[in-house]
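Below are two complexes that have chain A in common, paired first with chain B and then with chain C.
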Partner chain A sequence: MKQLLYLSLQYVRYHRIKLLVLTFAITLVSWLPIAIQSIVDQATEELLDRADRTPLVIGAPGSPLELSLGSLYFRSRTSTTLPYAEVAALEKTGLARAIPLYYRFRVQDYPVVGTSPDYFEYRDLKIAMGRQVAILGEAVIGAKVANTMGLGVGDQIVTSSESVFDLAGVYPLKMPVVGVLAPAFSPDDEAVFVDVKTSWVIQGLGHGHQELNRSEALGQILRREDDNIIANASVRQYNEITVDNLDSFHFHANNADNPISAIIPVPNDNKSAALLLGQYQEERQDVQIVRSQRVIGELLNTVFTVRDYIVVGVALVAIATAIVALLVFYLSLQSRDGERYTLARIGAGRFQVRVLMAAEIVTVLVVSAVLTSLLVLATRRYGMALMQELLLT
Partner chain B sequence: MPNSLFSFLISVFFSLLLQGCGERQIPAQQQLDSASFIIATNGPLKYFAQRLLEDKVEVRMLVPEGTDPAEWRPDVDAVLQLQKARLVLLNGAGYSSWLNKVSISSNKLVNTSASVADQWIDLEGQVTHSHGPGGEHAHSGYAVTTWMDMTLARIQAAAVAKALHERWPEHRELIAANLTGLLSDIDALDRGYQEQAGRLAGRKIIFSHPVYQYFERRYGMSGQSLHWEQDAMPTRDQWQHLEKIIDEKALFIWEAEPSKKISIHMSEMSVASVVVDPGANPAGTDWLTIQKKNLASLQQVELN
Partner chain C sequence: MSLELEGLRFSYGREDFNLYLPSLTIQPGETVALVGPSGSGKTTLLNLIAGILVSEHGSIHLSGLELSALSARQRRRQRLTGIGMIFQSFELLDYLDVSDNILLQARLAPGKKITPELEARAQNIAAELGLADKWHRRVTALSQGERQRVAACRALLLDPPLVLADEPTGNLDPENKQAVLDLLIELCKRDHRILLTVTHDHSLLPSFDRVLDMAELLREVGSGA
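Let's look at the complex of A and B:
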């Protein structure tokens, strides 16, 4: 037995290039269909799960896919908005509660999601450290944001400018991190949550500045007209909301007119959901209500179609590879006639000769199977992240 | 290879099965569960809610004793409580000016005077300002003591009843029965104030604070408002100013009982005074009791 093993190893060593190529080809064609299937299954499960939990979304007229991807995964920076008054309008129907979302801004690559405290309850998000957002200007960050940026409670984050060339535009807002969410294994892990009004401050719709009635502001005042003070652009605006300057923050417009990206309706029950859907689809042309499951389902159907084409292609390649492998093995066995004759002459039994011949095939198949298994495990671990990157960015 | 193929076929089968399921039913959403307590932002609203629901649901007021709810600002702990409440009763007319600076879900908030927003009294003389592209804007707007016009208090009580009914439908009958009694009491207060206003017509009225705008409008008791604190002795200039604006029939209306020193000084000046407490933050009593006490005090004012 020891001799058989020795001879087999020597054979493998001598023909290593041929066997490596063969092993690689078989591994690849075995792994590829399983990997595609695994990734698609995980993506499907995750996408549908989020859509199942958020069956309806309301937004401005436009692309339903953009609206669903934005409100479910914060992956859209759509410029279409609807007025905050729609939140009150939805709640007035008595059919659902309304959770506003405004995801236009970013802290580095992470979306800043302006919402209400109901969102955390709705998504069952738990605070791992610190507390919930309470005051204007505070932020709660997702677990991944905390890990990758190395942030914790008490640290500060700064919103990213929309355009570095817009010198007269909105300045970044510095926000204290008051809470870190426990990992939710969802897009919420990669978001920075603030109150929706804080988003409006980031946009410049609300601001705080030095009191213009006070003597220290004299240098900034251009003129007084009755009860109106007209100041120049040098009025110092605060880029951070603190206990000391909180009272000076105010909004120029009525909140009802301020923008939001979407609303998640939380219907009272199935009947309310159906009534709401009908009511909005029939009576409202200025807003759209979408069924996330349907939109995400359509997206997945596209993915499935692409997957099917790939799988068919891979299957054909697999068949061709299998035929080539069989041919290689057959030719290899043919070319080893002399070897078999020599083995027989030096006293090897028929069984021993067969084992030696089979060793080549067994080695290739066993190594391929092991490599395929490792690759499948890696795919299951990291495939979803890869899929999300491909699909949603 | 055969194992891999088997695994692939199984995956394809389940995938097709998944696709075959088609569109799912819209599932009923879990109710967002908020603790069952109410937060009232001032005394009258607390009284209305307590009177309507009796002890069925806890009604809290976070404003500390002795603090004017219109001046109060919630700290972080208070905001976290507001977030947990099932219902937050607001007075409206910009009474809770902190509302734009805290994070609370809008569905918890009920503005009890929203339906009569057209009756809110504009405060004149507000300074507006403009700078940069934002344009001109002002920072404040309305008189806030709406409930001192009992017809508005009546509407606010009804709004509270509606909000309670929507959130606690199981207490519908109790709320309806108690609302009848509450409205009847408010109507009685309205008649009482009208009667006293008629009796005191022609008297020059001076108010210690500018918080009676709705009272003045409803009961025709217009007067001049000062900024006098009941526990801070007015300065010499303030006394001199008072002396200039009063006549022998003047009636000074205090928001709260003035200190003994102030009372003595006013007696020496022969200025009649009476307390008409709006009851924004009653200590150890309730809003209705305070209003009845106000009426009793007005009844005791002698006609000169």
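Let's look at the complex of A and C:
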């Protein structure tokens, strides 16, 4: 048998290109349907799990899907906002706690999520290193952000500017990392968390600059109008909030008017949730309240339909590939008639001839099966991230 | 170690072909050319001796062993180890190099191991046939003459007492024909092997100890194709 395997190996080596192409084709059509099913299953589980844990979301009128994807996965960059006053309005109902979310800005590819300390408790997020955000301008980063950007406590991150040439636009803010979250295996791993007021500073709604009341600032004053001091362009605005300049940061507008992307209501109980839903749906036209499970469920229905079409398509390709593979094997066996004849003439047994003839088929099938298994394992490991990229960006 | 055929009868079940050979003996070390027109039964006779075909009557003895009494499995084993076969179209495997083609029969023979001694023997025979520097070449990269030498090496490797060659020079140019045949005859004679060769090339006949005309052989006994 060892000698037969040796001879078979020589045949496989000699015809490696043909067998490689065949193996690749069979592997691909075997793996694709399994991979699609696996990814969709994982995505479904993950998406529904997050939606189950966040049954209600409040946002500005618009797309419920955008609102759900944004508030659950921070994947939306929708510009619709609602005033921060809605947080107080929700709390005032006495039916739920309100957790504000403002996810407009980014650090590289990672969303900057302005929120309140309640969010960490609500999502059961633990600090692995450092501490929670204590003052304006500090950031706590998710485990994946820390890992991929190589950041830790004491490092600094800089927000991405939205526009380089817009003088009134959003400019980078340098923030110290004061804490790193333990892995949560959720979108929270890929987010940078700040206080919601820090988000407003990033937006330019709050700022800090040199104190103009001081005598050394005389050269930077353009004119005085009643209580107002009009400064010239030489006044230095801070792009970093430090302990030294913290006191100079202020908001000119009323915080209640500042924007947020969404509110996560945390109802006191099921009855409160039902009352809240009814109250907002019937009485409020200027905001929308959505049931995340329903929205994500509808999204998944679309995904399932697409998946079914893809699986049918892949199944047809698989059938075509199987027919081509059979044809290749058949023609290959036919082309080896002379070899079979020779082997029989020099005295090889039927079993020996069969083993040699079957070598290429067995090799292709076994290697394809091994490769397919490895690909399926890889899909189970990385498929979810891929699905999120495809589905949510 | 002689080859003895007695009362050999074979037909393909057709009216137009009946082979009957009352008696033929070939001595060890004897080289015999088998000539005759196409369809006279030359290749059939080789196949009967090799055990590829089975005679209806008669016996074939090689070195005291009655080949015609062996089972199919035993005949196959006898072909692998006891009979060297050389074909007109060489019958080499393209996906094996020279060394593996020479060792092919040994690899297929039950209980046979590819020992360093066997490999050394194969290399010696290859060197004697002028293939020393072609040991790891693909057979597809060889000339026709070189390929037939590889086939001859394969046939001689396991030291068979009988070598059957079916038009071994049929695909070779005139220079290679004589050279390959001379080498084959020399090696068979040196080791006292019987060489039974089917050939159509009358220019080669003087090289053989004996020439058997199939038509005459069968006519003598009143039968044939």
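Keep in mind that, in the parts below, the second predicted complex is superposed on the first by the 369 of 393 C-alpha atoms of A that agree within 3 Å, B and C clash if a C-alpha of one lies under 4 Å from a C-alpha of the other, contacts with A are read in each partner's own complex, and residues count from 1 in each chain.
Note that in this section contacts are C-beta pairs under 8 Å (C-beta built on N, C-alpha and C of every residue); 3 or more make two chains touch, one makes a residue touch a chain.
It should be emphasised that the depicted structure is a prediction, and the values quoted were computed from it without experimental measurement.
**Student:** Between chain B (first) and chain C (second), which does A:Val295 come into contact with in this model arrangement: first, second, both, or neither?
**Tutor:** neither
**Student:** Is A:Ala322 touching anything from chain B or chain C once the two structures are fitted on A? First, second, both or neither.
**Tutor:** first
**Student:** For A:Leu125, is the partner it touches chain B (first), chain C (second), both, or none of the two (neither)?
**Tutor:** neither
**Student:** Tell me which partner A:Phe249 touches in the superposition: chain B (first), chain C (second), both or neither.
**Tutor:** A:Phe249 sits against chain B, while chain C stays out of touch.
**Student:** Identify which of chain B and chain C touches the larger number of residues of chain A.
**Tutor:** Of chain B and chain C, B contacts more residues of chain A.
**Student:** Applying the touch criterion given at the start, work out whether A:Leu151 contacts chain B, chain C, both or neither, answering first, second, both or neither.
**Tutor:** neither
**Student:** Between chain B (first) and chain C (second), which does A:Ala262 come into contact with in this model arrangement: first, second, both, or neither?
**Tutor:** A:Ala262 sits against neither chain B nor chain C.
**Student:** Thinking of the overlay built on chain A, is A:Met175 touched by chain B (first), by chain C (second), by both, or by neither?
**Tutor:** Neither: A:Met175 stays clear of chain B and chain C.
**Student:** How about chain B: which of its residues touch chain A in the complex?
**Tutor:** Going by the criterion above, the answer is residues 1, 3-4, 7-8, 11-12, 14-15, 18-19, 23-29, 31-33, 73, 76, 79-80, 83, 100-107, 125-137, 139, 166.
**Student:** State the interface residues of chain C toward chain A in the complex, per the touch definition above.
**Tutor:** Answer in residue numbers: 50, 52, 73, 75-81, 83, 85, 87, 91-96, 100, 104-105, 107-109, 114, 154.
**Student:** What does chain A use to touch chain B in their complex?
**Tutor:** Those residues of chain A that touch chain B are 26, 30-31, 33-34, 37-38, 40-41, 44, 52, 55-56, 87-88, 91, 94, 96-100, 116-118, 121-122, 131-136, 138, 168, 195, 197, 204, 206-207, 209, 212-213, 220, 227-233, 235, 246-247, 249-252, 255, 266-270, 273-274, 277, 291, 293-294, 297, 301, 304, 311, 322, 365, 368-369, 372.
**Student:** Using the touch definition from the top, list the residues of chain A that touch chain C in their complex.
**Tutor:** Against chain C, chain A makes touches at 3-4, 6-7, 10-11, 13-15, 338-339, 341-349, 352.
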